[in-house]
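Note that the chains take the letters A, B, C and D in the order they are written out, and that residue 1 is the start of every chain.
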Amino acid sequence: MPDLTTSLGPLRLKNPVVTASGTFGFGSEWADFYDLSRLGGLTTKAVTVLPRRGNPMPRTTETASGMLNAIGLQNPGLEAFLAEKLPYLRQFDTAIIVNIAADRIEDFVTLAERLDGQAGVAALEVNVSCPNQACGGLEFGVDPALTAQVIGAVRAATTLPMIAKLTPNVTRIADIARSAVDAGADALSLVNTYVGTAIDTRTRKFKIANRQAGLSGPCIKPLALLAVWRVAQAAKAPILGMGGIMNATDAVEFMLAGASAVAIGTANFVNPMAAVEIVDGIEQYLSQTGAASVQEIIGAVQPAL
Amino acid sequence: MRHSLTASILSHRDLGDAQFEMTVLAPAIARDARPGQFLQALYVGAGSPLMRRPFSVFRTDPEAGTLAIVYVARGAFTIGMSALRVGASISLVGPLGNSFEPDPRPDVRHMLVAGGVGAPPLYFLAREMVAAGHAPESICVINGARSRDLLVAGADFAAVGVTLRETTDDGSAGRRGTVADELSDQIAASGGCAVYACGPTPMLRAVASLCVEAGVSCRVSLETVMPCGLGVCMGCIIKLRNDAEPEGYTLVRSCHEGPIFDAAEVIW
Amino acid sequence: MPDLTTSLGPLRLKNPVVTASGTFGFGSEWADFYDLSRLGGLTTKAVTVLPRRGNPMPRTTETASGMLNAIGLQNPGLEAFLAEKLPYLRQFDTAIIVNIAADRIEDFVTLAERLDGQAGVAALEVNVSCPNQACGGLEFGVDPALTAQVIGAVRAATTLPMIAKLTPNVTRIADIARSAVDAGADALSLVNTYVGTAIDTRTRKFKIANRQAGLSGPCIKPLALLAVWRVAQAAKAPILGMGGIMNATDAVEFMLAGASAVAIGTANFVNPMAAVEIVDGIEQYLSQTGAASVQEIIGAVQPAL
Amino acid sequence: MRHSLTASILSHRDLGDAQFEMTVLAPAIARDARPGQFLQALYVGAGSPLMRRPFSVFRTDPEAGTLAIVYVARGAFTIGMSALRVGASISLVGPLGNSFEPDPRPDVRHMLVAGGVGAPPLYFLAREMVAAGHAPESICVINGARSRDLLVAGADFAAVGVTLRETTDDGSAGRRGTVADELSDQIAASGGCAVYACGPTPMLRAVASLCVEAGVSCRVSLETVMPCGLGVCMGCIIKLRNDAEPEGYTLVRSCHEGPIFDAAEVIW
């Protein structure tokens, strides 16, 4: 049986499959489907310091091989997360990665400090894709310097493994990746969603109240895969790859491109069993191709010719 | 308990006017489903989209392990679904959401108000209530649609023995008018009522405001987009009145806390 | 009958449907399908000063609701275009837009000068999405200053209507758009393809010899639509919108977002009749919604709430 | 002349081992198609992808307005296609590309060399040649596959009356070995030959190098990815030897100048 263990810097995972933030709630909704201990890890919905109500409805719409979402950061807030969500998650033998979001650096620090040392929290995933005034309404993560500020501040506030979750809506993602690593990120998560929109020609209105929304699902896979490959070439940090992974073949593509682990997002909605089926499928792929461990395929892609 | 399974299609009837009834073999879901609950369906077939769509359970036969849904082929998903043949597979996740539970007060008159494809969960409710010992006379179904051919499950309701009142916008069957018109008269004529409603949002709003004004208890099954149906994506949020909150409302998941809510609490 | 005429600055179009560069060759392959005079316009494959051989094969692969291409700029070169392709195109009553590409500003100038005043050339579309050393291998068009240099140089070399074709692979497309307009672009074409890749897990090789390729088709529509809307808000120039337009409804979405005309790319491969069916479909949409002209719907999108 | 049309499926036979023969009503294409030409097909159905796929014309009946293709269900597109039922529609663009034209030299022996699903265009060629008055004895078909069940169109070739030699890698039918082995013997045994070949690329390379060495004229039908099939996308390029060019080759479109090329010119 091939060895499925992998790591994202100091974070050890028993297998390379993690659920993606915002697509798995805080785990409890999955109890009927499978034992969460089968996952390599689980990333929570974004947690903010105070509870957030998110964006007005309508928040989502389907697109060709994808979906747009503008949920906003609806979540119960840090204290409710600790009191109500974490105790449930703690019972499973899987890495709990807490996705944290804020629009001010101070709030990122508050989150990091309070989560540091909480039993059951295996790592932080710092979501630098939140819209921010300093970037003219664009995300923090579009600017290498701002990214470094956020990551550096969180680094100083926690000893937990820290993963920087990058936005792909940038000209040079490798630059952002390097500045996150230089500022202390142990690993990089990519990609977050691609910004897009949709219009109803009948009503002549946007289909999303927030106008702008994030595109996820199979449609973005080619884009996300290149982003992972580019960053793997440029940055010296392990990558949690995601973006349109629907099955084990997709997951293997990301690992060949350089991801040390993969996250499953939109696929959870399409097939609640997707993440564990992907664990099994990766194992099968390794067996069938005679690989002794996932490590053998990470970054192993070759030129076409 | 929720199940994720692949069901095989046992029958797929064209009911006319783009309505279809599909019966599938799905023992685990047939056993657990309650009236008002729904399934997230997905097929691989002509025009199959990426995301699942919610459909109410219309009928179950736990012994046979089967269940049925009734739907209207109106968009890409449902038009594609209507082309599935007997023997083909459909992937189902469910049962999901909360259910219609009969008002426990004695002597209450149960008013089941259905608009268009809102009828399936109310048919399931009527059947279950009668099976559970409610007197058919205590149950009045008001079934409405734009016209005669668009009335859903008329014969099925009749077969259960409940009182059936039909309304159509064009008068082609039953009373010319809306279910709200009929409900208003029924409430005026009866003593204690409990209302259970499912249908298009404008209809539900009319029913809800009628009931709130009349002080009649009313449960409505809401229809929103449901990307996951599992309570994790927050794409199906509605607002419930809550004076304890500074904003005066709580956000709840239509797929998880609902789809059925107290009409008096819903902020439309 | 609604009025279908529209314009991209000085370029008048009899209807808002144009074929996109690289997806329609130089028009002659379409003779059996329909009279090219039915099109609002036709954009040629990129023309370079000298003939180009393009990238090695494999050059394309299908993805979820899209395709990746790394054709490169294979074309017969400027002189062969003038001698062999333009005479054919000239006979049709449609706007011939010549897409020009180069990796040096001098070559853009050569192309613009030589094409200026050629009978049958209605406009130039300046493809600033070519990879360029000055941008570290990225495209010219990722940098506002370089974009302005290219556009300014072409502006000085031609009196033809000039459309700047922007790349969407940037953080702030509105900035690039503004600098193109300030440098003299009469109109903006967007979007070109999104960079992505694909890997064959069986062979563990890239599916594209060039590694990186451009994603087009329905999968990119939500992204392209937002890019068009953002630029329509920010830049004072008409837009030729494109990216995943498969049918008239898609085309109308782009016009509601702010495009004055639309280009049909990948759809030509899926349905050779797509472009003319879209002309008819837009006319139908206008009639059914009681609009007297396409002008009424350009930029007419409203908030969802 | 190229046509873009929606054809209705008249018959769809499962030939076993994932091979299917589909006959459609497409009068314009049936009338114009020549042996070796292909169609770009697209369906809306189970698993239908975005892009068209090329399939060679197997047989036409211009009077009846029908044509057939034979294909192997091996990837997403073709597996989805195999589920299409009689009466369903398929969108076809064609006929496309150049054709196999019989070598005009008198007394030449025509060697049609088919590997796997390379057989369909060669069957069409054999039929047309006989119909055009070529003596069946002047035509020798060498049809090869990995094993007996994977041989395509065996009975069809036999029905045309041509000489038929079969080869299988495993010896389960005909000669054990490859079509190149058999061709080599045939060339050695015959006088003037003209070879027409279609099949997987490794087979074509073997056939081509054999013919070039033996100085035998050989036309090969190449298989590349074909995003458009119409000559506009440049996604199907191959290199042809051309000493007049500084690089020693010309780039041509496999879909437009091809798919059939002179084996001596192809740079593999």
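We adopt the following convention: a contact is a pair of C-beta atoms (placed from the backbone, for glycine too) under 8 Å apart; a residue touches a chain by one contact, two chains touch by 3 or more.
Note that the structure is a prediction, hence the values are computed from the model and not measured.
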Topological distance between chain B and chain C, in contact steps: 2
Common touching chains of chain D and chain B: none
Whole-Å separation of chain centres (CA-atom averages), chain A against chain B: 36
Mean-CA-position distance for chain D and chain A (Å): 48
Distance from chain C to chain A - Cα centre to Cα centre, in angstrom: 33
For chain A, residues that touch 2 or more chains besides their own: 58, 65-66, 217-218
Interfacial residue positions of chain A with respect to chain B in the complex: 22-25, 29-30, 32-33, 45, 53-54, 57-62, 65-67, 69, 71, 74, 217-218, 266, 268-273
Chain C-touching residues of chain A, taken from the complex the two chains share: 56, 58, 63-66, 68, 136, 138, 142, 169-172, 194-199, 201, 203-209, 211-213, 215, 217-226, 229, 244, 249, 252-253, 256-257, 285, 297, 300-305
Of chain B, residues touching chain A in the complex: 1-4, 42, 49-52, 91, 93, 224-225, 227-235, 237-238, 247, 251, 256
